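Chains: A, B, C, D and E, in written order; residue numbering restarts at 1 for each.
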């Protein structure tokens, strides 16, 4: 019956290789094998996946952990049930000719940051290194960055946020060579937070039917991810097939799949408590404008992955 | 409020009517203490210098204007109620045809509203168009007609249905003598035939005298009635009655009244 | 048809301006690219070039001007680039293909037309209510205005989520957002139009004791027709904009809006510009259709269409 | 539960409507106080219904917060809301509105000088009206940067067409006799424009101006979604949606609604002064 | 095209004028083969049944309508050129006041356009308002005036500046006899004093005869001139000239012409 087998997944961005595992699982029939009927909802610039979850529009969502933990504090009890992404792909990309060599040189510079729940890692990082984010000589001027790399290319910003798998490639595509740039990976700065986890509502997890459904979902999804890691070109092709806009290019998606594979590589789907702890610590260190005010309780569970990975 | 003292055949009765307009530079006293009784079947002409309140008075009778004082009743009802009983045919001082309707369509308008059936409508439109000498112009739009033709179309519109009370505000102002004489005769015939009560604003003294059973002379600032003349002329009126001594005597009295109104100013 | 030549003239003027503007707009990017390709550029560092305006830089490096027209990711694409992209995506694809702008146009247009129908209907109903009902006149208008100041892009996701929760999906949520943007111009224009008859025209009906319904059909509605068409023309473009806006929070799957977003996000300005122009052409065509209907209607009504 | 919620909401609606209908048809209806009271009651009715529905149906506050929560948040965040208001409305929307207005008037008058230009410019103007903000905003942000200048440009482009169309239509809305009178004076183009056509066009121009007020606000706010400094109503709304701080989102929406209504009201007031003679203002 | 044969003092000359309107149900022949010469200082009245083309002819003279055939010249120029030389004062058949201007503002309109200075404007507005008996109504808006008052305001507007050619389309249609007599006298005085050339449409035979040096009788369908009467009356005309035998004789001839026009139909 439908309650036992229908799953709606809310992505956190438009269809691209970042979500290859799920499209592969769909395309290769892994979900079907588990008896599941999965609907994948693409995201977009205005879609807050937690809101869709709260509104009943989806059963599970993908989200960055800082955003999910903030949602918990706002009274929406979402729980991480699996973590296919082991490492963070987030980084700052700067023009070398602005004289930036290390984090200290950010003072007085303009930096593009994604907001919409994705600003937390940056704010924690800056507060940890003691740089104010409200402009001036000593601090950085923050721009809310749109969904493209124009602020860097047009030199309206000295640095912008990029993902290793997407925006960074676009900067290079624009003809910029790597040695004109200097990059700061959050991973390298010790402020990495977990990205692209699978979350469900706490209350749903009390329902054994739902839990069983999630077990099958996570198992099939991880199967999809591993398939994608091994067949990056085919996976990118599957993603392209699912792109309804028809505007994505094969080259970009193949490259993205290659980079994504590096981020999922270390994960079998189970959340590593150490990664979780590092994420929470980073966020709690957020200084005067904390993302979360106290260490969350019950924000993740291994129950699903434990069963799925048996 | 129903007035019990009014005798059965009084159609319109105004008592101490007062109307003041508020304008950007002070109030205008358009009607002051106006008293008048009009009986069923009367043909009443209103004459007076421009701005003396003729139009305003006519509008009060039709309930288009609310007096600021006094009382007016129509068939023992308020003008509003009378309007609801569809008692009025009204010819405005300007033609006021709807520009998106043809001449025929304009005349058909009241018939549609009052729910006449299609065949009857067509028949009536045809009849009144002939009456005002506009046969053949049915399909034209108002702006394709001369000023006088538009005015005749608006008269036709008021005559198309059989209202008991016909209020006409200078209906023949833009017409030449010949047509005017012709329409005067037509109007008299219609009136004699149907026993309508008619209120009629005109600037022509001979016209007023020729048509009316009662002539009301008004005077401006404030607008008021200065004379009411009951005509001794018979109901049957050939055109040459205008040369009779009675006719000339009444015309004289009207002219004197008018002149007095003018000198007042 | 008399309009063809004037339109072409204006379009030609705009094209000329556009072509000229391409040079300064793209100069910095061109210079950066040229330098990477080993050409000599003065001044010779990007940072130093920031001190120059696009025009100044072009004057210093006239040899680079032709290159401003052929950048792969221009700041301002040149007309022929946009034209080529449109040609490729409109005529070069099967119209059922996801790479065809015709396909995306239909996705957007279907939501537009449905939204326009809902919005116009609602707008006219509200206008009639406002004109005929005093309580509505005094209470609804301020809130109709307030409703339009709400940034729809902020509400759209919530609307979609809420409609989704009660099982409404597909074209309808988009159409509702599109209707939300188009009903307002119709209300404003129609209220004005329905109130445009002058005193004498209204008085005439009062002497007939016409019912309110008769007053509506025989006087107010015909008198409002010119206003109605003015509103419809604004309303149809508002609907289109609404349908496009609605494509972002519905997952940007297909349609002009999705193309614009994805073109923007993946650094393909030509995709964005082609979708933008295709949307505008669609709107101009829709407005053109209404102009035509307007002219025919007014002529039939005997109002001299100027 | 759902039944109770819906019935109580309908009850509130009926009551509000009843009071308003009585007020609007009462003798007091023309007094200033009542003219303000009626929309206030209408709004209050909607708010109470909203509060009731949200509470009785237990709608999650991350989807739709109750009005009381919004009001509380509004009260706490006044300095923040004010800063956003200045950035978005005063700098972005107003500048854009004024530039769009001036451009539209100039183009309308230019176009109007010749039938040829009118025929050419109107369709092209229609073309511009349909440039959706989703497409133009990123382009202007790319060209003019993230600050208010790009927002003003977006607004200018958005308000241009409605004002243009209405002005052009208005400039033609004179009767034959009115035009002929000018011709008998041998009046040239400019006197005819200033003494006849512009005054006659005013009702139309204000129609456009009023529609444009709300467009200006939407434009300025939504354009911030595509890049902005860390202040502004659009920035706050999009950021707060991501943070699920829906009460702050709605507080900004309240600011937008108040600002928009005030702006519209101002235009309507000027309109009533300028076009007092038009039948729609007289009765 | 300048006509060299025209003698110096011919102001308006129409030769074989033809005008056909195209309407939704076929063409209307409003003017057919109209020939007329008006000399400087002439006072020409046009009289004829409604729809005979009087307004159309006047509009042709002012260059407001383009004839479909024939020629018309004004002061040896085309009407268009004459209009640009500000040769005309025109009173329309309907008042046509601008609703956004007060009465004073409406009268000031041509003065502003023609560049009169402020003091002169005020003085002229005051003078013409008195002439038409509207002193005190300067600050009112058109819709606050009665029909006759609006018409007088539009006459004042045409008189406020000194056009050489005054074209008046039924200017006194909505006025009562007394005002009409008064304005007739005023107009004659103005004409005598200033040597203006006046074209005047009226439906009143006595008015036409009393005022004119030349009376043009027209007839409809197609609109054409059926009679042109040069008046033998002296330039100096007291009101009681209307009882003289010459006057009555001319009036008779006009009435016959009119009647013939009507029977034609």
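Here is the rule we go by: contacts are C-beta pairs under 8 Å (C-beta built on N, C-alpha and C of every residue); 3 or more make two chains touch, one makes a residue touch a chain.
Here the structure is a predicted model, which is why all the values come from computation and not from measurement.
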Joint neighbours of chain D and chain A, given as chain labels: C
Central subunit by CA centre of mass proxy: D
Two chains sharing the most contacts, counting C-beta pairs only: C-D
Chain centre separation (chain D, chain E; CA means) in Å: 50
Whole-Å separation of chain centres (CA-atom averages), chain A against chain E: 85
Cα-centroid distance, chain C relative to chain D, in whole angstrom: 17
Gap in Å, rounded to a whole number, between the CA centres of chain D and chain B: 49
Multi-partner residues of chain C (each touching 2 or more other chains): 75, 153-154, 157-158, 161-162, 199, 248, 261, 264, 302
Where chain A touches two or more other chains, by residue: 45-46, 48, 51, 54-55, 146-148, 154
Multi-chain contact residues (two or more partners), chain B: 94, 141, 143
Touching pairs - complete list by chain label: A-C, A-D, B-C, B-E, C-D, D-E
Footprint of chain A on chain C - complex, ascending: 28-29, 32-33, 36, 45-47, 50, 72-73, 75, 97-100, 103-104, 153-154, 156-158, 160-162, 164-165, 248-254, 258-259, 261-268, 271
Partner chain C, residues of chain D touching it in the complex: 17, 20-21, 23-25, 29, 35, 38-39, 41-43, 46, 63-64, 116-121, 123-124, 126-136, 138-139, 142-143, 161-162, 165-166, 169, 172, 203-204, 207, 210-211, 214, 217-218, 221-222, 225, 233-234, 237-238, 241, 249, 252-253, 256-261, 264-265, 279-280, 282-283
Residues of chain C defined as touching chain D within the complex: 2-3, 5-11, 14, 25, 75-76, 134-135, 137-143, 145-155, 157-158, 161-162, 184-185, 188-189, 192, 195-199, 202, 226, 230, 233-234, 237, 240-241, 244-245, 247-248, 256-257, 260-261, 264, 272, 275-276, 279-284, 287-288, 306
Complex interface listing, chain C residues touching chain B: 200-201, 203-211, 214, 218-219, 222-223, 225, 301-304
Chain E-facing residues of chain B, complex: 21, 23-25, 28, 47-51, 54-55, 93-94, 133, 139-141, 144-149, 152, 169-170, 173-180, 203-205, 255, 258-259, 262, 265
